[in-house]
Amino acid sequence: MSESLISKIGVLTSGGDSPGMNAAIRAVVRTANHYNIECYGIREGYNGLIHDDFTRMGPRSVKNIITEGGTILKSARSLEFKTTEGRKKAYENLVKRGIDALVCIGGDGTFRGAKIFSEEYGIRVIGIPGTIDNDIFGTDNTIGYDTALNTAMDAIDKIRDTATSHNRVFFVEVMGRDAGFIALNSGIATGALDILIPEKKDSIEELFATFEKAEKAGKSSSIVVVAEGEQLGSIYDLAKATKNGFPDYDIRVVVLGHIQRGGSPSCADRVLASQLGYGAVIGLMEGQTKVMAGMQSNKLVYTPIEEAIKKHNEIDKNLLTISEILAI
Amino acid sequence: MSESLISKIGVLTSGGDSPGMNAAIRAVVRTANHYNIECYGIREGYNGLIHDDFTRMGPRSVKNIITEGGTILKSARSLEFKTTEGRKKAYENLVKRGIDALVCIGGDGTFRGAKIFSEEYGIRVIGIPGTIDNDIFGTDNTIGYDTALNTAMDAIDKIRDTATSHNRVFFVEVMGRDAGFIALNSGIATGALDILIPEKKDSIEELFATFEKAEKAGKSSSIVVVAEGEQLGSIYDLAKATKNGFPDYDIRVVVLGHIQRGGSPSCADRVLASQLGYGAVIGLMEGQTKVMAGMQSNKLVYTPIEEAIKKHNEIDKNLLTISEILAI
Amino acid sequence: MSESLISKIGVLTSGGDSPGMNAAIRAVVRTANHYNIECYGIREGYNGLIHDDFTRMGPRSVKNIITEGGTILKSARSLEFKTTEGRKKAYENLVKRGIDALVCIGGDGTFRGAKIFSEEYGIRVIGIPGTIDNDIFGTDNTIGYDTALNTAMDAIDKIRDTATSHNRVFFVEVMGRDAGFIALNSGIATGALDILIPEKKDSIEELFATFEKAEKAGKSSSIVVVAEGEQLGSIYDLAKATKNGFPDYDIRVVVLGHIQRGGSPSCADRVLASQLGYGAVIGLMEGQTKVMAGMQSNKLVYTPIEEAIKKHNEIDKNLLTISEILAI
Amino acid sequence: MSESLISKIGVLTSGGDSPGMNAAIRAVVRTANHYNIECYGIREGYNGLIHDDFTRMGPRSVKNIITEGGTILKSARSLEFKTTEGRKKAYENLVKRGIDALVCIGGDGTFRGAKIFSEEYGIRVIGIPGTIDNDIFGTDNTIGYDTALNTAMDAIDKIRDTATSHNRVFFVEVMGRDAGFIALNSGIATGALDILIPEKKDSIEELFATFEKAEKAGKSSSIVVVAEGEQLGSIYDLAKATKNGFPDYDIRVVVLGHIQRGGSPSCADRVLASQLGYGAVIGLMEGQTKVMAGMQSNKLVYTPIEEAIKKHNEIDKNLLTISEILAI
C-alpha cells in the first residue's frame, strides 16, 4: 500500500445502538494503529464532536469489547449537529486536533449528518452501516441485524411454548419502523402463521382467511409476527379485531421491544463488523470519501453515501411466498 | 418398598405453563412405570378429566421432552371444574378407568381444585408446584422459577446495553402478580437501581431519592425492575411520574411478558422437576394424599395442600437490603 | 406454475447431521404438499432407501421441528449404497412406490451418491447442502454453518474468561477436516491471537513470532484456534512445541468436538433451510435434476452437482489479513 | 450496626476461576463502601499479596462486572504463599497499608492458605466459596456451580441431537476431579443413560447391564456422563471397553473441558455471589474470622474454615436412584 492520505482519524457511533458496533470500533482502532494512523474515539455521536469529547485510542483501549453489545463510545441523536453552528463547532474541534477523516457508524440519520458535514467543510467521511433494521442499501446485511434476528427468534420460540400449551394465538411485535426484515425472517424461522410488514399491503380479511385455513389444517395455536411499522393498525388493534372475528380465540399480545437491540453480537455480526471497520480505514487510506463500506456476496464494496440513503434493501418477494407456503 | 396402594394414576398440568412441567410429567410417567403403576396423561388440565381426554403413557411417550418448555399435556384454566357437575363427570371418568390417584402439576388454583375434588370424592391427589412465580409454600423453589429468572435476567442484560449506550432510564416489568420473587432476584442479578415489588411499600418519593443518589454517585444510566403486581401504579404511570420529576431523563418502558414462561428449562428446574415427579409417585405409593411434594434444603418434603395454598414463601428481607446496598 | 413433472418425491438426510436439516425437511414436505406432490421421508439416509424405510409425510408430520437440531429422519453413512447391489435395491423400492425424484440433504458424500444413482437409474435428484463445514461450492453458506459458528464462538468466549483470569494460552480445536471456515470466522469473532487452518501454510516459527509480538503488545493471555484438518500437527503437538519454546506459558488444550454439530438452528440457518427446501421442490417441478439448490447473494441458484462436488468455496484471503491485523 | 471492628479490607480470588466471582467482588467492594470500609483489590490471588499488587477499589471500579465470567482480579495458584517467607512478605504488605482483614474467594486450597495465614499472623480472614465443583461444606451451593451445570447441560443437549440422529453412544466427560455434582445433575437433566462419579462404586458389568436394559427398552442412542475423577478408568478406556463389549455400537467421546468454567453467571449464581460478598463484609464487621460465608436454605451462615475444608457436601443418594429410574 502506498503512502496514506490520512494520518489522524476519528470514529463515532450515532443513532440507535446495535450489537457489533463495538466490534466495528475495535476494527477501526486496530486497523488504524496497524497503519500508523492516530485514532480518536468521539463520545455520544455528533454531540461529542461538537463538545470536544475525544479520547486517543490504541489497540489496548478496545480489548475484549468484541463480545459486548452496545457501544463503548455511547450513542445519541444530536439535534445540535443539525444546526450550522453545531457543525461549525464540530469542524473547529477537528481542525484543532488535525483530524483528517471521520468513520461514522450508524444508520440513515448518521449518514445524512456525515454527508452534509463533508459537503460543507470538505472533511472526509466514511460510513459503516450499524443498525438492527437492515434497511441500508449497499450491504447485504447491516451490523446488528443478524443478532437481532436471533434475539427475536429466541423470544418467539419461548412464546411458542406457551402458545402450544394453551392453544393460544399470540401477536408478537418486533422492531422495524420502516422495514419488515426482522419480522419476515424471524417469522419464517419460528413458523409464524402470518407475518405483517410495512412493505406488503395487508388486510384484515386476508389475516382472517389465514386463521380459517390454519384451523382447517388442524393447527391449534398460532403466532402472528407484526413489524412495528405495519400499516394495518397497531398490534393491539389487530388483536382486538381478531377477537371480534374469532371470539373463541384466546389471544395475547407481546411487544418484544428493546431486548432486540442488545446482547453479545452473533458470530456473523462480529465478523461483518470486523470486515467493515477494516474496510472503512482502508477506504479512507485509498482516498474514498462520502461512501459507505458494505459487504456484498462476501466482497467489500463502497457505495456513495447518497445512494445508501436514498435506496433501500428490498424485501425478497420469494421469502413472502415461502413464509406462506411453509406456515401451515 | 412394600406392596403399593395404587395401581393406576393420572397426571395433568393446569394453570399457567412453566418450563420444567414436561420434565415433571416424564418423571411421573417413568417412576410409575418402574413400580408397575399404569399411568394416564390427561390433556388440558381438569378439562381433560371432565371430557375424558386420557392417554396411556409409557416410558417412550416422554422421550426427549425433558428439554422442552411448555407441557405436552397442554394446560388450561377450567371453569367447568369449579362446578359440582363438572367434578362429578371427572370422577365418573376416573372410576370408569379404575384410576386411584391424580398427580396435579400447577399452582395455587390447581391445588385448590385438587383439594375440593379429593374432599368430595375421596380420590387421592398429590400436587407438584409448577409455576414461574415461586409463590407456593412448602418448597424452596417452584418448577420453572429458576428458568424464568434466567430469561428475565438475559433480557434485562440486553436492555442494559442500550441503557448504557444511550444514558437512558429503563423501567422493565417482569412477571409476578402477587409475588416479587422474579423482580427481586432478576433485579439484583442485573444491578437494577431500584426494584419495586408488591411485598414492599414503595413510594414515588423514595424512587426519586434513589435516582438522585444514583446521579450523585455518577451513574449515567439505570434500570428499574417492576413486578407486575406492584401497588404503586402501572409501569407506564411510574415512567410518566419520573419524567415529570426528571424532565431531562430519556426514559423507556419494556414489558417482558410471556417470554418469561417459555424456553428450555434450566438444569436446576429439570432436576427439581425430576425429583418432584419421582417424589409424587413415591408419596402416593406410601399413602400420602392431599399433600404437595416439595424440595426444602435438598430434601423431599410433603406439605398438606391446605398449607401450601394458605401460606406463602416470604421475600427475604436481607435480599432487599442487599439490593439497595449493591445497586450503586 | 404449469403442470408439474413430478407427483411423488422422497427426502433423506445423509452424512454428518447439521442444525437446520429439520427445517429443510419441513420445507420440502410442506412445499410438496402445497403443490399436491406426495412426499415420503426416508430414514437413515441411503440405508433407508435400500431397506425400504419410507414414511408418508404431511404438513403435520413436520410440526415444530424447525427449532430442533439433528434430523428427525436420522442420518447415516451408507456403505451398502456404494455397491451396485445396494443401489439396485434402492431403485426397486422407488419404482415400487412410484417415486419420481429424491431430495438429498447432506454434503459431498451425499451428493456423490445421488449423482451415481441418478446416472445409473435415471432417477431425478436434487441436492441441498447440509453440513457445518461450509465446504460446498454453489451456495454462500451451507445449512448448519452459521449455527456451528455461533456455538464455537460461545464456547471460545467462555474459555476466554478463564484464559484472561489466569493469564493462560489456550489452543482450541474446532471442526473442519478439509476446510478452515469455522476456525477462521470463530477465531476472528473471538479475537484469537492466531488461527491455523488447512488452506494456509503455517509454520511453528510464524506462530512463535506471533506470540512474541503479542507479548510486546502487552497481551497477557491468548487463544489460538486450530481447525481439525490443520497440517502443521495435532493440537497436542502444537501445544507441546509451544511449551518448549515458551516454558513460562501456562498452556491448555480444548477440543470442542461434537457440540458444534447440534443445537437449535440460528435464524439464518432456519431461513436458509426453508429457502433451499422450497427451492429443491420448485427445482424438481421445473425439471431440474442432478443439481444442488443454493443461495448466492440472497438468490436461489442451481449448480450442477458435479460442480458442487469438484469445486470448493475458497477462504477469503482478506479475512486472513483482517484476522492478523485485529488480533493484537 | 454498631461501630465496626474493621476499617480496611482486602479482597482476592484464588484457585480455579468460576462464574460469579466478579459478582462476589462487586458485592464485597460495594458493601464495604456502604459501611465506610476502605477496600483493596489484590491481583492474582496470594501472589498479589506477596508482590504488593493492590488497587484501591470504589463502587465505580466494579461497574457492570456482575455479568462477566472470570475474575477481574485474576486468579492464580501461589506456590510462594506455601512458604513461610512468602507469607511473611504478604503480612508485611498488609501491615504497611493498615489492612485489617481479608476476603478470600476460592475453594479448598484458597481456604487452607487463609487459615494458615490467619493462624500465623492473627490477620482476620473470611472465605467465600467460589468453585464450580460444589465440593465445599457449609453452603448449599458454591458460586459458579449453577452456571457450570447449565453450561454442561447445554453442551450435552447439543450432543444429544447428533446421538439421536446417528443412533450413537456418546461418553461425555464433565469437570469434577473429586466430586460428581456436575456429572450427576447435568446427567439427570439431560436424561443420561448412565452417570459415573467418584462417589459411587461403578463397574463395567453394571454399565454393560445398563446398555442391555436400554436396548431392550428400545433406546437407539445413549449418553453416558462421566465425572473427571471417575475411578473406573479414563473416559477413553471406558469407551474402548464398551466397544469391545458391544462391537456394533457407534461410540464417540467428548471432553467438555474448560468451557465449563466460563460464561456469564446464571441468575442464581449472581444472587448467591451478591449474598455471600455482602455476608463476608458483614461477618468481618461483626467480628467473625476464620469462617466461610455460605447460604443454607436461603439463610446466611458462617462455618469455621476448618470444617469447610475437612467435611464435604455429600451426593444425595436419592438423586442416584432418580437418575436410574428416569433414564430409560
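First chain written, first letter: the chains are A, B, C and D, and each begins at residue 1.
Quick note on the criterion: a contact is a pair of C-beta atoms (placed from the backbone, for glycine too) under 8 Å apart; a residue touches a chain by one contact, two chains touch by 3 or more.
According to UniProt, the chain labels map to these proteins: A, B, C, D = ATP-dependent 6-phosphofructokinase.
The structure presented is a predicted model; accordingly, all values stated were derived computationally and were not measured.
Undergrad: Give the label of the chain whose average Cα location is farthest from that of chain D.
TA: A
Undergrad: In whole angstrom, what separates the CA-based centres of chain A and chain D?
TA: 39
Undergrad: In whole angstrom, how far does the Cα centroid of chain A sit from the Cα centroid of chain B?
TA: Taking the average C-alpha coordinate of chain A and of chain B, the gap between them is 36 Å.
Undergrad: Report the inter-chain centroid distance for chain B and chain D in whole angstrom, where each centroid is the mean of the CA atoms.
TA: That gives a centre separation of 28 Å.
Undergrad: Which positions in chain B are in touch with at least two other chains?
TA: Each of 157, 160, 164 in chain B touches at least two other chains.
Undergrad: Judged by the touch rule stated earlier, which pairs of chains are there in contact?
TA: Pairwise, the chains that meet the contact rule are A-B, A-C, B-D, C-D.
Undergrad: Under the touch definition given earlier, write down the residues of chain A that touch chain C in their complex.
TA: Of all residues in chain A, those touching chain C are 26-27, 30-31, 34, 59-60, 64, 66-67, 140, 146, 149-150, 152-153, 157, 160, 164, 185-186, 188-191, 217-218, 264, 266-268, 270-271, 274-275, 278, 296-298, 300, 316, 318-319, 321-322, 325-326, 328.
Undergrad: List the residues on chain A that touch chain B in their complex, please.
TA: Residue positions touching the partner: 13, 16-17, 19, 21, 44, 68-71, 74-76, 151, 155, 157-162, 164-167, 170, 252, 254-263.
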